[in-house]
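The same chain A turns up in both complexes below, where it pairs with chain B and then with chain C.
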Partner chain A sequence: MTNDEGRMTKDQLTREQIWKGLEPLRGNGDSKLLTHLNSCVHCGLCAESCLFYMATRDPHLTPARKVDLISSIYKRYHTFTGKYLPALVHARDLDEASAREMVDLLFGACTLCGRCTMHCSIGVDISYLVAVGRNMLSNMGMVPATLQSTVQAAVETGNNMAIPTGEFVETLKWMEEEVVDEVGDPAARIPVDEPGKQILYTLNPREPKFFPLSIAAMAKIFYVAGESWTLSTRMYDVTNYAYFSGNNGEAALIANRLWNEMNHLQAGSLVLAECGHGTRAFRWESPNYLERGFPFPVMSSVECIAAYIREGKIQLDPEKIKTKVTMHDPCNLVRCGGIIREQRYILHQFIRDFVEMTPGGTDNHCCGGGGGMLSMSEYNERRMKAGEIKAEQIRISGAEIVVTPCHNCVDQLIQVNATFKLGVQIKTMAEIVADALIIRNQNP
Partner chain B sequence: MATMEIEGRVFEVDGDGFLSNPELWNDEVAQLFARYDGIELMNERHWAIVRIIRRNYEEKGMAPMIRTICQETGIKLREIYELFPFGPARGACRVAGLPKPDGCV
Partner chain C sequence: MAVSDAFANMTWYEWIAMFALGICLGALLFHFSRLIRLGRPKDRAPAAGRVAPAVIYAMTGAMNPAKKETAYLHLPTYVAGILYHLGTFLSILLFFLIWTHLPLPLYLLLFLSGFLVVSAGCGIGILCKRSFRSELRALSNPDDYLSNILVTLFQTGTLLTLYLPGLRPVYFLLAAILFLYIPISKLRHVLYFFAARYHLGLFFGRRGVWPP
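And now, the complex of A and B:
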């Protein structure tokens, strides 16, 4: 520990906290980190791309300020002028005040949606820097307790809502009855813990807990497609809230469980449920967490459904849904992950009156509930203020149904819908597809 | 700690409007919270759902699965979503005086 860092203990943070907090900035010659930390030209373009600035017009909430906060701390400990003449270069100590400000800006005013990154005039990966800042706070034990409790539930119980296995299985049986009724085949199943299947499917725990119709919807699609699939009781949770909290160790632990379950059940490929951050955390981040590449294919359920249509395995009835439909693009899936065309391809098969949101696709506004915001009650007011932008987009679209392939977005949109009295229906992709699915009995 | 005022009564709540001290809950609180969500007068179906959620919380320390709610009340799943516009978690559990459940809700 340097003298500089030792001196920082004047506030409430302990020396150990500061040492750990600064660890992600040491970087060990990480050229990406150094480049992005030192490149912002303060053009201000990012302000108008940020949901929180747009909603509040508070200049403090602009993405550039978030970058500046982290980079000012970096300068204090890693540059010559920052060490000896900090005021000259706006270098700041990592102390109680700057750490509190980091919590408020990086957890409480950012959904990691990445829109600022896309708009940045020189290509600074702003949401990556926010994630580095969250990693610093996580090292210091300063993750908001409201967010950490969801991470903790996942780490301790295997799913982020602490659902007991028996209750989970009962819910699957209940939904199996629903599928049997709807497809009219007593042999229709929701398979559990079956080894050697083509697909291991996952769920967001909010499905079995409160919104199980999306489980039945996907099971119907698998049934009609004649798919060989299974769920697992040991590990079915697609979410990874440690990606939000910035704790890479816990994120790796959670991701590794899904990886192990694939090996345990010897499934052919992994299909991730409609969950933006879960897809991102597993498919695009977990090879980094775990330092290894996938030995099995990983796809989102949206890609899976699109493939069924392309291969003629399922057909959708264009007479079924006649109302106007719009779609909310989940940031992690679309802007960050590049899954853009698949969901449009699906909807164009059977939705006659489809209207895009403006802006949409990769430029879409976040719903306001991403980045772990939904779980952090203390930021509810800010989150709903940000949600008003989405409410306006939905209202302008004139749609009666809003589809979104992300359970986290669904939940924010339910609250947005009720709060701003939009009077729309919110559906997952599997739900709207199942509504129009032409049922073919697989055991006639 | 935030506060929420409904019809002159002030409640200590978390940022999402869930009661900070679930022990302070009673029928009157339930009705006031429901009214805040646009449910003018709770009917017997609202009450049946809230009672089962409350009982589960008192016995097991958490909200019940929605399957349990449907099974014990005999109310159909889709109807629960209609009865509580904010959904089973942010709607029904909040009216039942529970802390906010973890997860994407």
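And now, the complex of A and C:
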């Protein structure tokens, strides 16, 4: 039964929306989806691995509930019991109520950090299922407008902050002056659109918009390392918020721009700025979005800096930073990206008083700002509540500086710092390395 | 009595149980062959680590209670769960023993009976936890309760039938119900558990996260 607008009167979703919403559950040709949809036993032990549950103690926010929401819809349409005895397994129709609940739980109460996945007693890839659920909602046009506007900005303007190229270039010129002053070399530069360089370095738009000094910091490192590198004015966005919105088509479009720019500038390798999800979306997901393997090497700036240290291209002064330092591990870079030791190697070169967070490394707690949460202002209160877990970790560490190789985490940690009155400094890896960099003039 | 004799002298209720077991195994085989046919995800991103050691780790080290938060934060539940599952596998083993009338030495019979008492007790404990803790109750569906009840009854039935042969008709019918229920319920995690651990190892292995 439909109303005048062709919408289902019972559940307010059109048949087309439901059809599109169910499409991801029809399977993508491998056994992963089928496996994880059939594996949860509702033990509920995952609750304490989720920062949203830990911070709120709301049983509605446990990872198992999120899995159940998706698998109950799957069962309704794809299993014998769900089709013929739905009450037995609580199989649910995909309707307005279940879709609204999905929006709230899958977008508004999950950062896709993967901590519950790692600790699940069965081994259900919960964050993967949440991503599938987001894909369903994206197909139905139900991505929160705030997150979708960030994706839209990237799709329409080339970067998620819609920074005009002219403004970006002006910022780079300003930062170039900073670099010249700091290294004491008038020939020091921030190269732009130069073809045939060894490295194309791509930024997080938060840098030119809010944290331009982090561009200068990385430029200083490249300068001292004597690197052949360039930025691009056609593509200066390492992020890919479509990965969070669940729209694989838009994610592919955004990723493809970086591939095209690599080809256009004929750079030797691509170095991704400090951005957890950006690194994950490009390094691990984009070859699958685009259905082709990388024809060029890809690395994160953390790996790049570690390589410079190992090769003796840069040296760091252990006398520069004497305060206690801790590190927040970005989930997408560490637990879901495998970059675990490089950042520790870097910090151990020059930080005398380094303390790990507990838990840390692949077991770390998310800062609360991942999964696109920072874009979705409607969930600010829940996000900051979840950030309390990280605040407590920082407080216990006793550190005065928190380093994190992710601009998204930096944003959240700055807010956590202010909200919970931690009184710490938040720095990216490039910033703290640049602070301790032993400057050698490359053009004496 | 040998297996051939057991076949030759099968009662109607044993036939029903064996028929149900055949359906169960056939259905699980269907699930398994579907997983094999679908294969693993085609990941075009270059791997940063090795898959085989990570899959082994996913099945072994990552299950270590010291490494798994869901285990070390909930040790009593974890231990109860392990014992309960061991009791289930033992009961399935004893199902064949009961069917063939193979005698057990007294000391072994007593030991296995003791174990089944403990494991069935764990099953009841897990059922109570699901029933009385509000957050678990909110998460649970009838299948969660029914699966637990059927498996616990099967363990209890196995224990009792070891001593009371007169219960054989009830026991084999109970086993038949359980076997038919496995493939259509959450109990099929007997198969999907291993598939999930495999995929977990595959994911974290390719990304160089596992083994640590």
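Just so it is clear, the second predicted complex is superposed on the first by the 432 of 444 C-alpha atoms of A that agree within 3 Å, B and C clash if a C-alpha of one lies under 4 Å from a C-alpha of the other, contacts with A are read in each partner's own complex, and residues count from 1 in each chain.
Note that contacts are C-beta pairs under 8 Å (C-beta built on N, C-alpha and C of every residue); 3 or more make two chains touch, one makes a residue touch a chain.
None of the values given here were measured: they were computed from a predicted structure.
Engineer: Answer with clash or fit: chain B and chain C placed together on chain A by superposition.
Structural biologist: fit
Engineer: Determine, under the contact definition given at the top, whether A:E170 touches first (chain B), second (chain C), both, or neither.
Structural biologist: After superposing on A, A:E170 lies in contact with chain B but is clear of chain C.
Engineer: Who does A:G123 touch here: chain B (first), chain C (second), both, or neither?
Structural biologist: In the superposition, A:G123 touches chain C alone.
Engineer: With the two complexes superposed on chain A, say which partner A:L374 touches: chain B (first), chain C (second), both, or neither.
Structural biologist: A:L374 sits against chain B, while chain C stays out of touch.
Engineer: Looking at A:K390 after the superposition, I want to know if it touches chain B, chain C, both of them or none. Which is it: first, second, both, neither?
Structural biologist: Neither partner.
Engineer: Quick one: is A:D68 in contact with chain B, with chain C, with both, or with neither? Answer first, second, both or neither.
Structural biologist: A:D68 contacts chain C only, not chain B.
Engineer: Output check: A:A87 vs chain B and chain C. Expected answer is one of first, second, both, neither. What do you get?
Structural biologist: second
Engineer: Give the label of whichever partner, chain B or chain C, reaches more residues of chain A.
Structural biologist: Result: the larger residue contact count on chain A belongs to C.
Engineer: So, does A:K220 touch the first partner chain B, the second partner chain C, both, or neither?
Structural biologist: After superposition on chain A, A:K220 lies in contact with neither partner.
Engineer: Taking the superposition on A as described, I'd like to know which of chain B and chain C A:R292 touches: first, second, both or neither.
Structural biologist: Only chain C; A:R292 stays clear of chain B.
Engineer: Nearest CA pair across chain B and chain C in the overlay: distance in Å?
Structural biologist: 25
Engineer: Identify the residues of chain A that lie in both the chain B contact region and the chain C contact region.
Structural biologist: none
Engineer: Write out the stretch or stretches of chain A touching chain B in their complex.
Structural biologist: On the chain A side, the touching residues are 146, 149-150, 153, 160-163, 167, 170-171, 174, 204-206, 208-213, 239, 275, 374-381, 407-408, 411, 414-415, 417-418.
Engineer: Mind pulling up the chain B residues that touch chain A in the complex?
Structural biologist: 14-18, 37-38, 62-63, 65-68, 77-78, 85-91, 100-105
Engineer: For chain A, which residues are in contact with chain C within the complex?
Structural biologist: It is residues 27, 29-32, 34-36, 38-49, 59-60, 62, 64-65, 68, 79-81, 87-90, 117-125, 128, 283-288, 291-294, 335-338, 340, 362-363 of chain A that touch chain C.
Engineer: Residue numbers of chain C touching chain A in their complex, please.
Structural biologist: 31, 34-36, 38-46, 48-49, 58, 62, 68-71, 73-74, 77-78, 81, 130, 133-136, 138-144, 146, 184-186, 188-189, 192-193, 195-200, 203-204, 207-209, 212
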